[in-house]
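To start, I am sharing the structure in question, which I have written as structure tokens.
The letters A, B and C name the chains in turn, as written, and every chain counts its residues from 1.
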């Protein structure tokens, strides 16, 4: 399948601080990929490199087979960009901003898509964007991207500042649009709720590295949350291979693993962890994210 | 597309430029009125003698106003672009980035140049009846560096505001202040005339500096 | 583009550094230095010098021999005539010439010629005073004039209109004097405080000097005879109280000449050619001699010339101690002009 985005051995530092090293990933055409990670793991850095606003330390980053920092004008027409916090020109109102952007996308601009979303907002046509709530602003930003009708949507932390209602609205609108029109979406988020309904593939990042990169369905089918009973006074053992972030509450220990229960039991034996009664639970994407990245 | 950029800039800055231009033209009209009144009250003879003996333009009240308007214009245009890195939106538009930012600067410079021409025209028309062309020419020549400073101040401020690194921004502002100082070295009429082309060329070339800030922004340089 | 912008940035940085750093360094490290006061004494046939040494004022002759302050005053009886008179020490005769306080005072003269006077910006409008108004004090005229390609044009200050009649009258007077327009040099000494008015010195298109005055509203245009081969450039109307000279001028080779009165004869002042772009000239004269000081960044030279025939009597010079750091400058002779000083 054709890759719309391709990052090869991407490495970046801020000064001497390593953000990540040799990051490799690709976003195939028509897929929705979510780059998930806690704050400071390099999500916005990646988006900035992808959108050409940051020069990477080393490695390659291609969009439509063009280097991200030297994308040609006609290719940029094919990319919709949502900046963190739904930033838009604050001094314009919804009519002015539509009029402004439409001049840059002749032949592809879908005015109706924008106004059909705006109709739901219940804002006066002359209300300035800086007088809108975060939620309303997010809809304006989304409406502009839908009107641009790009082949690739790059969305940086679209959930920032949105209440659950607007977040859900955003996710649903985006999902319907992307799936019905076969669009490719690359997005980041630090809020994992709702992501399960939106993204096809996910990359879960931790500080300096990728923890998991696979389709969400595959991830949720393979990762389990395990619970077992342990002696109350037994100290918790850290760094057990293949078992992630073990935690203990009195006699109940819990951890996460991609391994089946038989294999997990063997690992516990090998690590001389005394336990009784172990069981596995299916988890959602948010739990999987916490299981892999930890609570802290 | 140029129209669209101008449209956006107009929406962003129209109140600033309307008020600032009115203030500048107000000062110019006041200076012209002042000269007329001095002529009426102190006598035209004394007014002419003042120009010929002191070689001073007598309109120094206008001196720093174009510079203030230019600096304010650049801030009103580019500070909102730097708010939460809004400039990314502009640079993401499917046009050459130099064209995009150049168009924004062309808009600001265009207004500054237009207001300067109107100011000089007002001075010329209001003084034409009471003063000989040699003195009017001297007054206009004395004021040209001030209006050039307005444009240069606009361009230097653009360079400073678009710079994403605070330390660099401070150094740029200091350098810019020294550059602008050279436009105000003397009030003597005609003193700048033989070298005005150097100052005009400096002003035009100053537009290039924005490329450095833009490049720093594009490469993601930050504090 | 970025490279070009960076080159331009570094040019600006270099220019600002070359401009500001030397001037700040010179400002912070400058020593208090004073120019010695030097005048030629006809009595001593030598220069007498007053200068500051270790914070104290000392007087000496050009060979360095010290003299007392009273002796110093006595050697310059014309310059210090009021001081000597107040001490009842003013002689009745000096070198055989009978003198009085009023006579010495009237014969003393001083004139300064700065490069910016010659080369600085000037509005090309001039004011011709009435030389014989019948009033004790001179008055600024009610009009100005401009020299055109074909004549002279008077403009009334009151209503900014051309005085056709006066313009025509003066143009005709110029034509009658065979003045060739346009004028290459137009010089006067505009002041209400001067004792009398000698009008303008003008150089016409054929490099001849004319004196223009207005007497009782009528033009007086007179050609000044010049020795063959002299091409005048920069003129100065003197209007000294003693009325022995009409003016001074520098020729194209920067030699100085005096136009004497009443004969209106041109005499060469016997000093070397000057560099008018940089030299500042101060002339202090009396009944016997003129001391001409020529000062520039490198040297101060004093030339003593006879006040009648302008022959050189003596010279004296000191080198300027210039420890200042050179840098970029923007102002020269009142023009904004890039320079290196």
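As a working rule, a contact is a pair of C-beta atoms (placed from the backbone, for glycine too) under 8 Å apart; a residue touches a chain by one contact, two chains touch by 3 or more.
Just so we're clear, the structure is a prediction, and the values are computed from it rather than from any experiment.
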Could you classify the connectivity of these chains, where an edge means two chains touch, as line, ring, star, complete or other?
line
Look at the interfaces A-B and B-C and say which one is made up of more C-beta pairs in contact.
B-C
In whole angstrom, the CA-centroid distance of chain A from chain C equals 83
Could you give the separation in Å between the centres of chain A and chain B, each centre being the mean of its C-alpha atoms?
46
Distance from the mean Cα position of chain C to that of chain B, given in whole angstrom:
40
Given the complex, residues on chain B that touch chain C span 44-45, 47-49, 51-53, 55, 98, 129-132, 134-135, 138, 175, 178-179, 182, 185-186, 188-195, 198, 205, 208-212, 215
The chain C residues in contact with chain B across the complex are 1-2, 4-6, 8-9, 12-13, 16, 19-20, 120-125, 127, 140, 142, 144, 146, 155, 157-160, 190, 330-331, 334-338
So, in the complex, the side of chain A touching chain B is made of residues 14, 48-49, 51-55, 69, 73-74, 76-77, 79, 81, 83, 85, 87-92, 96, 99-100, 103-105
As the complex stands, chain B meets chain A at residues 1, 3-4, 7-8, 11-12, 80, 83-86, 88-89, 91-96, 217-220, 222
